[in-house]
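Each of the next two complexes has chain A plus one other chain: chain B in the first, chain C in the second.
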Partner chain A sequence: MGLFDKLAGWLGLKKKEVNVLCLGLDNSGKTTIINQLKPSNAQAQDIVPTIGFSIEKFKTSRDSLSFTVFDMSGQGRYRNLWEHYYKEGQAIIFVIDSSDKLRMVVAKEELDTLFSHPDIKHRRIPILFFANKMDLKEALSSVKVSQLLCLENIKDKPWHICASNAIKGEGLQEGVDWLQDQIRTMRT
Partner chain B sequence: MIKKFDKKDEESGSGSNPFQHLEKSAVLQEARIFNETPINPRRCLHILTKIIYLLNQGEHFGTTEATEAFFAMTRLFQSNDQTLRRMCYLTIKEMANISEDVIIVTSSLTKDMTGKEDVYRGPAIRALCRITDTTMLQGIERYMKQAIVDKVPSVSSSALVSSLHMVKMSYDVVKRWVNEAQEAASSDNIMVQYHALGLLYHLRKNDRLAVSKMLNKFTKSGLKSPFAYCMLIRIASKLLEESEGGHDSPLFDFIESCLRNKHEMVVYEAASAIVHMPNCTARELAPAVSVLQLFCSSPKAALRYAAVRTLNKVAMKHPSAVTACNLDLENLITDSNRSIATLAITTLLKTGSESSVDRLMKQISSFVSEISDEFKVVVVQAISALCQKYPRKHSVMMNFLSNMLRDDGGFDYKRAIVDCIISIIEENPESKETGLAHLCEFIEDCEHTVLATKILHLLGKEGPRTPSPSKYIRFIFNRVVLESEAVRAAAVSALAKFGAQNDDLLPSVLVLMHRCMMDSDDEVRDRATFYMNVLQQKQKALNAAYIFNGLSVSVPGLEKSLHQYTLDPAEKPFDMKSVPLATQPITEQKTEIAPVATSKLPEKMAPSRQDIYQEQLSGIPEFQGLGPLFKSSDPVQLTEAETEYVVRCVKHTFAGHLVFQFDCTNTLNDQLLQRVMVQMEPSEAYEVMRYVPAANLPYSQPGSCYTLVRLPEDDPTAVSCTFSCTMKYLVRDCDPNTGEPDDDGYDDEYVLEDLEVTVADHIQKVLKPNFGAAWEEVGDDFEKEETFALSSVRTLDEAVNNIISFLGMQPCERSDKVPENKNSHVLFLGGVFRGGHDVLVRARLALADGVTMQVTVRSTDENAVDVILASVG
Partner chain C sequence: MSAAQIEQDNSMASSKWLDAHYDPVANLYTFSSCMALADLHGDGESKLVVGDLGTGTNNMKLRVYHGTGLLSENTLLDLPTGLVSFLMDQHEPRTPAIAVASGPFIYVYKNLRPYFKFTLPSLEINALEQDVWIQARQDMIDTMSLKEMLEGIRDKAEIPLSVRSLRFLMLEPQDMEAFVNLHKEQPLRRQTVITCIGTLNKNMADEDAVSCLVIGTENKDVFILDPEAFTILSKMSLPSVPTMMDVTGQFDVEFRITVACRNGNIYILRRDSLQPKYCIELSAHPVGLVRMGKNVVVGCAQETLQGYTQKGKKLWTVYLPAPVTTMGVMDLPTRGFQAVLVALASCEVHVYRDKNLVSTIKTPDVVTSICFGRYGREDGTLIMTTKGGGLIVKILKRTAVFEDRDSAPGPPLAQSIRLNVPKKTKLYVDQTMRERENAVAMHRAFQMDLSRLRLAAARAYVKALESSLAPMSASITEPLKMNAVVQGLGPSFKLTLNIQNTAASRPVMNLAVCFLFDEGLYSMRTAFFKIPLLVPGLNYPIDTFVECLSDKGISDIIKVFVLREGKSAPLLTAHINMPVSEGLPLN
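And then the complex of A and B:
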């Protein structure tokens, strides 16, 4: 971000753009969440497993922030490609399938790898966790999820967890609002 | 900041090519701005262009740097700039094979290809198919099927063409899209229909029945697209050619009906298909030719060119049909397009009558300097064909050719002319003197070493036999003074031949030779010294052996034998007879139509087929100690072409043994053959000594097994024998898909056709350039003569061909050509009998009621003489 851009941002002349990485294991609901956040006329009807990544854009209704989301593929063999995009991520959305207790450790492992990556380690970037699929019977509560992932150990980055149901869109707005606030405080 | 950069870019880009001095590392450095937000489409576009430019210039990108640039580029998918996005597609396609993890863009591309923006969809499909491998194809199959039947033509075409590319790597998946392709084939768009037809054909091309069914369907229903029609015509003519069916089939009717199509392209394609068909009758040809004739007067240059080019190609095959167009072709001679004019004239030369030759030659010479070298070669080829047709016109041609020789031109052009003159000289004894004179003049100022040596060789061969050989000496000796080493050496050899043949010139030649011995080059000095000594002996036999008829052994074989000899020095001197003989070069068997084309042999000394066999056989321990390979026959088919197992046999002759090499191919994909061997039952006293089986013969991988046979020692004249052959093997059934064989198999056998060994297998062809000298050299110690009546033969030509193919010997002195309207002819044959004995045959033929033949055989070995006479009788 050049000085000129910052100035424009202050004066509110320019629309603020934010690059967000959307990470998480496969079948956790990343693409579905992003799809829900898009304006209803641009939403896709059927969601298929992402191969590689896809770029989506949407604006928040409350405020003039424009999100560019890198929706990464969660499948095992593509996870090592995430790191190519760490550098320009200004915020991270990490999605967890809260009904999948078995792979909670896998998610934790990926999270640890993420935090130890040099491009992320020393940056204070906000991380939003969605404990997704809360509508399912066997789903864990967001508190339980944060315990399993040892989120309390994250000291140097602002983070927030909220339970969500991406299919209905419940809980998403709360999370995005938090993210917006964080980004704004970081900017100023 | 941005502005400053832009300015710099423009400055560096001044001049004719803004990308001229690009540095790969600098460009990759610049590519970092892809990571910046917001994206500047204009600058990114410029950098992508630079990257693609570098890639297309052949610049090598390492995997790491390519991958880095590729991932940086993927961020540009954020931008909605249309030009930038399409540039991204191009970059993806270019980098698909050099970068890693290109599949990262799969979802982005599938999004674009299913999106609303039509501009993106086609290119996205093409890019996607480039980065998709077999394992990923299943994932995008659904989208591909949808795209094929999409109503937007560009999307559908892209999907079809991409599918065509993917047929190569995953045939089975693409085959499932046949229904969609079928639907696309009924599209209204001409391109979509063409591409759909192409895909359908390529999916079925291995299945002749399916192809003909498809043709049937489309020829009945009719198509909109002229491109598709052209394709159908090509498929149909290919099918016709393969089936070799008569021309009354519906396929031919279809092609014929296309002559009345409203699109010129289709009409031309149909006409061209018909005239190129083998064995077409005049009646079938007529409509096609008249269509081409019509095109000759078309206002469109492309049509005129197409028509005259097609006529030119088939002029020799169907002269009478093309003659019908002569009037139109005459008009084209003055066409402003020189390519059309040249083709028209050469066509006329091929078909025209003898009387028009002079006029046409004059016409060509008026603009021959204006056309390119390739077309000049076409002209020379036409002239060369013409010389064969009208030998009496040789003086006109010769003048014309010598004029052309004086003009500027490249190597290919000059070589074509020289070859043409040489072939005229060989065809036409009367033209020899003029031809040689022109060639002499040419080498006075010739920059091509290859041509100069070739002409000097010819002068040495032909010069001494002309009435006044002395006039060539000056030209040859000039070369010794003026030229490069290779030419000087060739000139020395040529001089020696004059000295050997003309006794009155010998003293002068010796003087010149003496001067050559002071040359600065080793090779030239060596040759001069050698010839000097040979000539001073004044012995005919020496001259014949060392000056006229050079070595007849194969050079790689000689090299190998000498190497072997030095490794293992023995008391006895090196024996030339142990060296395998050279198989005859193809140049001697000139084809009738295009003598120029035959000269396009590789100039390098490639190891011959026989040298390769020798190498292979010496690697098999069972065949050690058989001595050098004497001769390998051409492969003989022992099965029909389309049977379960295809077997061909190559007969290898050694001094006292025969080795039969059976090249077997298993065409059953559900069988693995093991321990394959061919059992042979000889009819004569031949003894089968050993079988070398092929261990494994999997589906469609050729394998070889061998049989070693000893020739009867007590009766050296028993040269012909018939073997009945049976292939024996162990069959193991296997899974056609995986090739995994069952554990146990069963023995089986397969009866092959009988194999004949004839006298030709015992004689190697050797060309004696000077037959008379060789004849004297061998002498009459073992001469035998006998007279035969060939009652079944009607013409001298037939008799000559029969004798040559039966004895398998090399005709010398061009005696295989029987002059027309002659009742008698003398045929000279040269060869070497198994064991290394020279054999020469002189056959005097006289045509009476049948053909009477008096055969005289000379050899250095009595057995060889007996064998030949016995086998002829």
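And then the complex of A and C:
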């Protein structure tokens, strides 16, 4: 980063851009969460399973961070695409379907693969977990989800889990605020 | 490859599966034939449908699982013998129906609600039996004569008795009257029961095509039913009662039904043939039957797994470490992987690709039913139920790789590498010709030499016995046995002779021991001494000391003779190989 860029950053002239990876199993609600975070006039009505990945850009309301979100497909056959974007990602949003008890092990397995990848392993990259679908009656609590995913073992990265209901948009802002704080502290 | 890397590879290999769910008290008792995975609601999430056998007499249930929980439960009237899911029609949404075979009926469920009940056509009744029951109805005969007449029919009639008559014959005399009064008014029927059930696509090869039900009956018949009207489209007969079947193809085009029968044979039926086309005669009864592409894999009661072509030619046999409990097919079309799952009585599930063992799964209990496919949203899910009523769900890892080579210990790879055998030389060919022509003469020469060798050996042995060179005395008057032990590092050794009189009762007297050795090398305090009276059976240790005189690290043999007083020929001889003296002699 050149001197002028830094200067522009301090003066608040340049918009701060952040690349965020949105990961998680299929049908966990990644696209729905991203859709909710977009301004209401840009939101899509129907959410269909993502093929490959899609890129969404939006600004957060509180300050001038500009998010570029890589909304990856969670389907098994596209999950091997994830690792190609690890390098660019400056933050990760990991979405979990907290009503799918059976596939919690699969989510954990994908998370372990993520953490053992050389592009992620040694970086202090903030990770935000959404324990999604909290409205369903068979949903596990966010504490239970973090237990099942063994999140307490993450020592070298800042992480945060929040319960969410992406369809109504509940809990999303709390998570995004945390992510913004983390990104800001990392930059200064 | 470093040790750590190998370790990592091993741990990777052992964990191809994720443990998604284990409920040891699911109270689910079933077999592979009563398990199916189906997208019952058309929402893209497959459910597990199980015909639960309950205790075997009651509590039979049709259970549907979704994720880790039970979704619904329907009571079944009788024990289920088979359960399949199939698409009946082209209507949207494409939700499959469930067919449960039980007794002579097939209960069809749609949207988990009873939809249709199919009954097997009744069979011809023995005319004599019919007459006897008509007489019983009109009270013309009493129960005892009814019993006698039915027994007579049972023993020689060509058409077997109906279930009612057979049950009547089983009763105790005091119960017979009530049984006859209860049943005599109803018309007599003879019905067979369903033993196995399968599905066959009607006219399309697609996964979601409309399919017919294929059923095997106790009456040695195979029926193919229309998917919508449940009429019998085709009927085929077998030489024995079918127990397991596998169906492939399309009804309107060409199909193949592979049926394992109770007589231990496997028959292969095809379209346009009322009789089996091919027959595989197994050496032991089949326990599991699975089709892999065009081949048939059979698990036999003799702890073997055998592969056959679709024409009944045997391809291979694998010997298993334990009896087979059940078998299933593992099909992953997205990865192009197909394998056979074999559950063993040793609480293991082996995954075989052809005859190669590619993976082993340990289970906490003996697996009685196994099923692989899409469950929930996960394609590679393995579902097992155990003998104790447990339910195990495992998910294949996305990164799991099955190696093609055999992971079981077997002949090393080098064994199958072809050796570079040199070409046959003229000399070799000449020798072969000579051997072929003079085979008899060569054999005789060999036999002659062998006999001579034996003779020479026997002669040497006799000579040794005659001259008492052996440490066992052969003479009848003095049967003696001796062995010698040398102790010490040198230069002085302790020599212990253990002498035993092996006679039954006679003691031996007047014996002496004499040593013969190189006097330049060894010295002995007493090279000759007498032996006391030897009582039969006891072991007499005699000690003496030998001094080694040389410091050159050489050793020699010391000969021990046991002599009888007044006779120069020894009774027995022992050669003692002295050890090399490790110490230096004191001057």
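The criterion applied here is as follows: the second predicted complex is superposed on the first by the 184 of 188 C-alpha atoms of A that agree within 3 Å, B and C clash if a C-alpha of one lies under 4 Å from a C-alpha of the other, contacts with A are read in each partner's own complex, and residues count from 1 in each chain.
By definition in this document, contacts are C-beta pairs under 8 Å (C-beta built on N, C-alpha and C of every residue); 3 or more make two chains touch, one makes a residue touch a chain.
Computed from a prediction, not measured in an experiment: that's the story for all the values here.
Participant: After the superposition on A, what does A:Asp26 contact: first (chain B), second (chain C), both or neither?
Facilitator: Only chain C; A:Asp26 stays clear of chain B.
Participant: Mind working out whether A:Gln173 is in touch with chain B, chain C, both or neither, as first, second, both or neither?
Facilitator: Neither chain B nor chain C is touched by A:Gln173.
Participant: Under the stated touch criterion, which partner chain does A:Lys57 make contact with: chain B (first), chain C (second), both, or neither?
Facilitator: A:Lys57 contacts chain B only, not chain C.
Participant: Using the touch definition from the top, say if A:Lys101 reaches chain B (first), chain C (second), both or neither.
Facilitator: The second partner, chain C, only.
Participant: Quick one: classify A:Thr113 as touching chain B (first), chain C (second), both or neither.
Facilitator: In the superposition, A:Thr113 contacts chain C only.
Participant: On the A-aligned overlay, A:Leu81 touches which partner chain: chain B = first, chain C = second, or both, or neither?
Facilitator: The first partner, chain B, only.
Participant: Could you please specify the touching residues of chain B with respect to chain A in the complex?
Facilitator: Where chain B meets chain A, its residues are 1, 35, 37-38, 71, 74-75, 77-78, 101, 103-108, 110-111, 136, 139.
Participant: Taking the touch rule as given, give the residues of chain A at its contact with chain B in the complex, in rising order.
Facilitator: Touch residues, chain A against chain B: 1-2, 17, 19, 50-55, 57, 68, 71, 73, 78, 81, 84-85, 87-88.
Participant: Which chain A residues qualify as touching chain C in the complex?
Facilitator: Going by the criterion above, the answer is residues 25-27, 76-77, 79-80, 100-106, 109-110, 113, 138.
Participant: Touching chain A in the complex: which residues of chain C?
Facilitator: Where chain C meets chain A, its residues are 18-21, 67-69, 334, 375-379, 393, 395, 397-399.
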